[in-house]
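Next come two complexes, and both contain subunit A; in the first it sits with subunit B, in the second with subunit C.
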Partner chain A sequence: MRGFLLDPFRFGYMQRALIEVVLLGVLAGTCSVYVLLRRSAFASDVLTHTIFPGVVLAFLVGQPLFLGALVFGLLSAVVLSVATRALGADDDVVLGVMLGSFFSVGVVIVSRTTGYANDLTALLFGRVLAVDRAEIVVTAVVTMTVVGTLALLHKELVLRAFDPVGVEALGYRPVLLDLALNVMVALVVVAAVKAVGTVLVIALLITPAAAARMVCQRLGPMFAVSCAVAVVCGWLGLAVSYDVSINHGVRAASGASIVVVLTAAFVLLAALGAAARALAARSSPPVTTPA
Partner chain B sequence: MAFADPSDPSDPSGPLALHVDGISVRYGRHPAVENVTLELSQGSAMALIGPNGAGKSTLLRAVLGLVPLAGGSVSVLGHLAAEARPQVAYVPQADALDPQFPVSALQVVLMGRYRRVGWIRRPGRSDREAAVAALGRVGLDDRAGLRFGALSAGQRQRVLLARAIAQGSRLLLLDEPFNGVDATTSNLVVEVLSELRAEGAAVLMSTHDLSVAHLTCGEACLLNRRQVAVGPIDATLTPDLLAAAYGPQAVALAGGATVVTTS
Partner chain C sequence: MTAVVLLESDLLRRALLEAVLVGALCGLVGVHVVLRRLPFFTLALSHAALPGVVLASLAGVSLFLGSLASSLVLVAAVATLGSARRLDTSTATGVALAGAFALGVLLQSAQPGSSRDLTAFLVGSIVTVERADVLLTAVVGVAVAAVLAALHKELVLGAFDRDHAAALGYRPLVLDIVVLAMVALTVATSIRAVGTILVVALLVTPPLAARLWVDRVVPMMAVGAGVGALSGVIGMTASAEWRVAAGGAIALAATAALVASAVAVAIPRQAGRRQTSAGPGAVLSQ
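And then the complex of A and B:
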């Protein structure tokens, strides 16, 4: 077991991958709690798709893909936050239109470009084993920025999620708080795309907090469990994909392996939570609180 | 804007707590509130009475400055509604909030302090003490650590009232505070509201319950998009005027005295 967990990380590329997924675990573990509280899972999913044309355009003009993703991530976070407000349309409708339109623009550009297939695969499914030192630095900076910003805005973001009318009644502007959270989500997407790809990054933004929610009733422990789940699953996912690929001759993509392990952790914690509730219900009859 | 000290008894010569002057609100082309005028002095309370869809919630939102006015004006303590928002506490209906949300009763009450605390900073000891004291006033200081959603509907409503108390506002807006709450909560809310009035706060609340309106408020505003009547509660909630607001199907039950509409 010890060998299974540690042996793969004798190699430099595996060490770099591990550092990357640990950073992403803290980043996504934290951000996913706010996504869960705000119920903006769909909005996050849309942001994972809207950066696609940015990446394609960056590739075409020979700029870093991160830069293209960043520009389009921020752009779509602004459009998303403002459009729902300005159009008075349902969030879902605006989101659906954005998802389709941005992604199709990306596909149109890609289909007119040759020699992109290889990079496209990396973009869609990630290539965490190929991260280099510079990319780790970028991820570290993004992690510090996002976690720091979320911590500073914590009480307002929680209030916004809990009481949408009350937050406005207190004199806050919800659209600005939504914009801040959407920009943070966009940054997470941009940072995590390299490791797990646009298709799977949504799992990092939703599953850690959802798993933590199964066993936590309080916010503080939820952050801790969410980050722990994301970090441990990142590590385990890398170890599993290494073991399966090297010792069993089955090529298992590392990004996808991480998401599979993450999903397994969610199922496990969901079962644990259900068992704990059943046990609590049996050992003590429901307390009827006097009004 | 400086916060008024809630313990300061009202100055009778001070500005009106609330002056709603001929306001109209439209959602698209649909008029929600038309030409409503009412005045509320400091330390007084008014019940907003009217059928569903009469514009009671819209009127509360207009006082908060959350909906654009198609006409008229709202001033709170002599200021424009949007500027006066820190002086106004809004108490939503408890069941409008997600009971699964992972916050404790105390954390909810602390939210009333956020504007004082300001951006970035965390609530300090004085905020915590104010929040615990506010919970005490609604009889829930022993429930501070419980999850908000684990409390009964009545207790959740009292937590939201405690949040408004912790905010230390001069004007309280309550949206149906007696809907679906137990008798203990109902009595306690009536009691706390009269204490707050004695301390100089003004209260504007929407309700369907005419008996608690009589217990809590000296004045009433009968609303059915247009203002049917406004003034001292006994002169306002008369059978004729209630019928004018609710239509001929309105029934004022003796004893319970709740308006029932068959529509």
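And then the complex of A and C:
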């Protein structure tokens, strides 16, 4: 067991992948709690797709992917608010249109280049084993920035999630708070693009907090469990993917392995939570409330 | 010019026909997706098709059946998670979407030559459709249209007023399942042509464009199907002309139709407002 968990990380590229995944675990574990509170799973998923053309363009002109993604993250946040007002449609429907149109711009641009399928696959699914030192530094900086900003805005973001009317009455602008959260989500996508790609990053943005929610009631423990789940599953996922690929001769994509392990952790915690609640209900019979 | 070129090649003629059929089918079914606010769920359905497609291709059975089966597993998973009431529906949908899709990517990564197949799944590969695919799209399209027509009144009632539908003796849950099954069928047929992500664009954008022109549900379906089919023609033409991915071009054509509709509807409205503000007396005298 120890060999299974530690042996793969004798190699430099596996160590770099592990550092990257641990950083991403802390980053995504924190951010996903706010995504869960705001119930903005779909908006976050749309952001991961609308950032795609930005990543493609940056990739083509040789600029840092970070810049392209950031520009498109901000752009889509603005388009979303304008389009919702102009069309008078439900948020979800506008989100669906945005997802499709932005993503197809990316697809159309990539399809003009040579080595189309290969590039597209790298951008969509990431290559965590090819992460280099500079990218780890970027991830570390992004992690500190995002976690720091979320900590500063914690009170406001939580209030916005639980009481949208109250936050406005107190003089905050809900639009700006939403924009702030969306920018943080965009940054997570940017940081994770190399490791897990734009399609699977949605798992990092939703599943850790959802898993934590299955066993936690309060916000503080939820942050801790969410980060722990994301970090441990990142490690386990890398180890599993290495073990299956090297010792069993079946190739297993590292990014996808991480997400599958993460989903398994969610199912496990959901079962544990349900069992714990069932036990608690049996040991203490429900209090009968007076009519 | 290019449209003529499209018609000359057997391959492209078939692709064009498929694009028109898929566009019309998505435009039609998409009205229910918009009415019931299902875009995210549809996205999850289409992502969840991947493990089914991979397993079906391994087992050598129909990819269509594989994707349909695994979409249905997702419906069950989301329903189970949602009923636990600890997670809101969108989070439950997101967890299931990501997990199912990653499972598909993992299964796929074990096959040789996986990246090309995966790309085709995500963004479609319409020029490789075969006669049997076009035939399947046509059959599914007719069947779905027939079901939607036969149950039209009930399905619309279920979308707008579940309590009323229940009071009239219908089972809202059964109506939901019928709609989801139709959406899943549409997704399973369209993935081959436009891919898993862009099928959502085709399901949402044409009906939204239609809604700008008409208010009632049946005309919305007709206009939606028309916009979808037209997007197929324009997208295929643009794809042949500029050598870009067909799936992306079709989805962008639909977006262009939506933007054009929004502008076309807004201009007369603005003009009308200007006229009334210029002559308030005219309004008062009426």
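The working rule: the second predicted complex is superposed on the first by the 276 of 291 C-alpha atoms of A that agree within 3 Å, B and C clash if a C-alpha of one lies under 4 Å from a C-alpha of the other, contacts with A are read in each partner's own complex, and residues count from 1 in each chain.
Operating definition for what follows: contacts are C-beta pairs under 8 Å (C-beta built on N, C-alpha and C of every residue); 3 or more make two chains touch, one makes a residue touch a chain.
Since this is a predicted model, take the numbers as computed values, not measurements.
Applying the stated contact rule after C-alpha superposition, one finds that A:A161 touches subunit B and leaves subunit C untouched. Contact with subunit C, but none with subunit B, is seen for A:A41 once the two complexes are overlaid on the shared chain.
Using the contact criterion defined above for the overlaid structures, shared-chain residue A:D92 touches subunit C, although it does not reach subunit B. The partner of subunit A that touches more of its residues, comparing subunit B with subunit C, is C. Look at A:M222: by the touch rule set out above, it reaches subunit B but stays clear of subunit C. By the touch criterion defined above, A:R173 reaches neither subunit B nor subunit C. Once the two complexes are laid over each other on the shared chain, residue contacts for A:S104 go to subunit C alone; subunit B is not touched.
Touched by subunit B in one complex and by subunit C in the other are residues 213 of subunit A. Put simply, subunit A touches subunit B in their complex at residues 37, 152-153, 155-156, 158-159, 161-163, 165-166, 168-171, 213, 216-219, 222, 289-291.
Every residue of subunit A that touches subunit C in the complex is listed here, in rising order: 36, 39-42, 44-45, 49, 86-87, 89-90, 92-93, 95-97, 99-101, 103-108, 110-112, 116-118, 120-121, 124-125, 199-200, 202-203, 205-207, 210, 213-214, 250-253, 255-260, 262-263, 266, 270, 273-274.
Subunit C contributes residues 34, 37-40, 42-43, 81, 84, 86-88, 90-95, 97-99, 101-103, 105-106, 108-110, 115-116, 118-119, 122-123, 197-198, 200-205, 208, 211-212, 242-245, 247-249, 251-252, 254-255, 258, 262 to its touches with subunit A in the complex. Contact residues of subunit B toward subunit A in the complex are 64, 66, 85-86, 88-90, 92, 96-98, 101-104, 107-108, 111, 114-115, 117, 119-120, 122-123, 147, 150-152, 154-155, 167, 173, 182-185.
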